[in-house]
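Structure, as structure tokens:
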Amino acid sequence: MIKTIWELIRNLINKPITVRFPKQQIEIPEGFRGEHKYELDKCISCGLCSRVCPNRAIEMVEAPQKHKEKYPKKYPRIDLGKCCFCGFCEDICPTDALKLTKNVYLSTFDIKNVIKEPFEDDVD
Amino acid sequence: MMWINIALIPVAGIVALLIGLFYAGLDRIIAARMQERVGPPITQPLLDVAKLMIKQNIVPEHSTGWLFNLMPIVCLASTLAILFYLPFGGYAPLLGEHGDLILVLYMLIIPALAMVLGGFSSGSPYATVGAQRKMVLMMSYEFPLAISVISIAWLLTVSNIADPFSLQSITKNPVWGLVGPLGLVGLILQLLVLLFVIPGELGRIPFDVHEATSEIAGGLLVEYSGRNLALFYLADAVKVVVFTSVIIALFFPYGVGLSGWWGVLADAVFYFVKLFVLMFFCSTLIRVAMSRFKITQVVYAYWIPAIIVSLTGLLLVLVDALS
Amino acid sequence: MNEKSPTTYELLFGPAHPGSGNFSVKLRVSGEQVVSARSDPGYLHRGFEKLMEYRDRMQNSILSDRVCVLEALNWNLVHAEAVDELTGEEIPDKARYIRVLMAELSRIQSHLIWYGALSMGLGFDTGFKVAFGYRDYLLDIFELVTGGRVYPAGYICPGGVRRDLPDSAKTKIEKTLDKMKIMLRKCENFEKTTLYPRTRGVGVLERQDALRLGATGPIARASGLYSDVRVDDPYEIYSELDFEIPTRDEGDAYARCLLGRLEMRESMRIIRQVLERMPEEKLDPVKPKIAHKIPEGEVYVRNEIARGEAGIYMKSIGEETPYRCKIRGPSLLHMIPVLEHLLAGCQIADVPAIYWSLNICPADMDR
């Protein structure tokens, strides 16, 4: 009993392990697998990301009409709801067009935010 | 005078609720710190109650509806009612001279009984097991509690104090002044037994066999939700105030001794400090330091060591007073 | 008291119960006494064995995380070894060291969950919260090395590992091992008031019963059986390392809980040795490939994971995907025959103590 209480008093004095989350945060290290960052101009439309994706979260879609001339091929549309953040698309991409970032704040109330379109200004 | 007291009743009830909830918040923060966590903000119990109040109140199909809905109200009302028979600091009880120590002892059983009835009426096997366990728990802690309280009242009787069972005369004549050295040891033993009864009476770990989240899924309260659960939660908060008030009235009835409004304020703060210190050692510290007892271990703990200690205390007080 | 007696009633321990996982035990109870118990699995069945037949080797290593969430890296290792044995690929030396390092870290992490869950089952909140708090230090390492806190996403994959060890990892792991020492000291100091009175003599699994019912890992070792795949059938670099296999003879819940702590100590010893001997050279990380065939053949590999013996049987007919994959989780035998055997005749209050002292994971049983 005395040992237990001694340990508890020590805990009481020490700094707690947890932090008060929205105000304080624990730093996320480099190399974390978070939200995707997609650079359209680097993409060569090889479609490897869509083939390697274990959850089939990446679908190759055609560009909307107004961009059709500049971007004639198919480009990846990422469904974050299906994504398991394994990072295979990042590993396999030959031109580093797809990268995973450290952003983990992905919860949303709007289902449209879950799907990452290759052409962002298109969503209206 | 009587009318003022009656007007003060709702005020006292609300103040007791707030003190109870404030203590609950403090308890959660300190317990969290002992578990190396930051813990919730101090207003968390208040927010919990507010949220429970607006949640849906589900009454199970197989329950006895009226009993199920009545018992939370009975539990809170009876707990609040005890409050009005207890003196605070140097002030007389709100309901005056109508009740004494024996009444308070009996009324302490009613909230627990209300919980048992609510558990039985909810028609779930978990709640039934919990209700059976709560009855066993009550039977276990009532005996040492009764011995301790009665030995103090008896001490007052032999000291020729008028009206020995009234709480007011106990607070006016602190028990420590009535005994010699042997009786002092006896009184300390009685105090220890009462402190040991607190976690059982309040149903805190290690004596929370009737709720036992990981065994019987919340036991008595398993089917309660929404407003009914909030009432039980409030009753629990008030019970802390009530039970510590009984112990403070019996053993530490001292005030700061100032007069006027500042005196009232100082008494109130001093009272809360006493309540907090008592509860820290009897509930918060024990709650984080121990695992839940089995029901057999609970009965053993209250019937063998607690009764031996309290009977020894009674004997010492007897010897001291009669010699 | 027979099962159909009118004085008994049925009490469900799970699946919607704060003290159980995604698993249910149907208890036949008379008063406070459990007359008989029946396990009711299947609430977490995700069909990995079938899913694996439609995915290639790298995608399968992602799936193998999910077999048991609580020790994803160990399951990664089992799967990676099965494929490696089929392909006969040469694994770089450093990758072998990293694999063992991560597997042992994962074992400590899993044992902390074990301690935490057992404490929670006994109503000892502090143990639960402290254990999970200290587990977060280990998750910080996983986050740094693999890029995910809980799911390493196939970090240990067929052919090696997916990333080299970062430079800062070594000092960080050493710091965390010191933290784990503090955690073990806390566990020992909490012992007498919390776990000891509730678990001593509860749920005794005799040696012959452990053999008969097929207990493995820490459960078997707490009953006096000296069996550990790391020694009996060494894989990776375990044969080069110096470590002991602790055993206890009592076979009760307390012995199992104590054994978990002894194993954590041994794992810490292994990690220190691995860090010392870790080769300095740079490691080529394994990248996923498309159309990567697995040679024909069939194989069964077994590993010692935190809960016991884990195995994967894999048959390939020369396609990208395995033809058949069978997963043997250690919890399967612990949760059905052993649990039913131990629960019969105990008290209701002992049910969580026995249940959590078996270090079970419904996920790897239902697969």
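The letters A, B and C name the chains in turn, as written, and every chain counts its residues from 1.
The rule is simple: contacts are C-beta pairs under 8 Å (C-beta built on N, C-alpha and C of every residue); 3 or more make two chains touch, one makes a residue touch a chain.
Just so it is clear, the model here is predicted, and its values are computed rather than measured.
Ranked by distance of CA centroids from subunit A, the top chain is B. Comparing the chain pairs A-C and A-B, the larger number of C-beta pairs in contact belongs to A-C. Chain centres here are Cα averages; for subunit B and subunit C they lie 44 Å apart.
With centres set at the average Cα position, the gap from subunit A to subunit C is 29 Å. Mean C-alpha position of subunit A lies 52 Å from that of subunit B. For subunit A, residues that reach two or more other chains under the stated contact definition are 1, 4, 8, 11, 17-18. Shared interface positions of subunit B, defined as residues touching 2 or more other chains, are 34-37, 288-290.
Annotation for subunit C: residues 126, 130, 133, 193-194 touch two or more other chains. Taken in their complex, subunit A has these residues touching subunit B: 1, 4-5, 8-9, 11-12, 14, 16-20.
Within the complex formed with subunit C, the subunit A residues making contact are 1, 3-4, 6-8, 11, 17-18, 26, 28-33, 48, 51-52, 54, 84-88, 91-92, 100. Every residue of subunit B that touches subunit A in the complex is listed here, in rising order: 30, 32-39, 285, 288-290. Those residues of subunit C that touch subunit A in the complex are listed here as 55, 58-59, 62-63, 126, 130, 133-134, 136, 140, 143-144, 147-148, 151, 153-154, 162-163, 166, 186, 189-190, 192-194, 287-290. Residue ranges of subunit C in contact with subunit B, taken from their complex: 9-11, 17-19, 29, 31-32, 119-127, 129-130, 133, 193-195, 197-198, 347-352.
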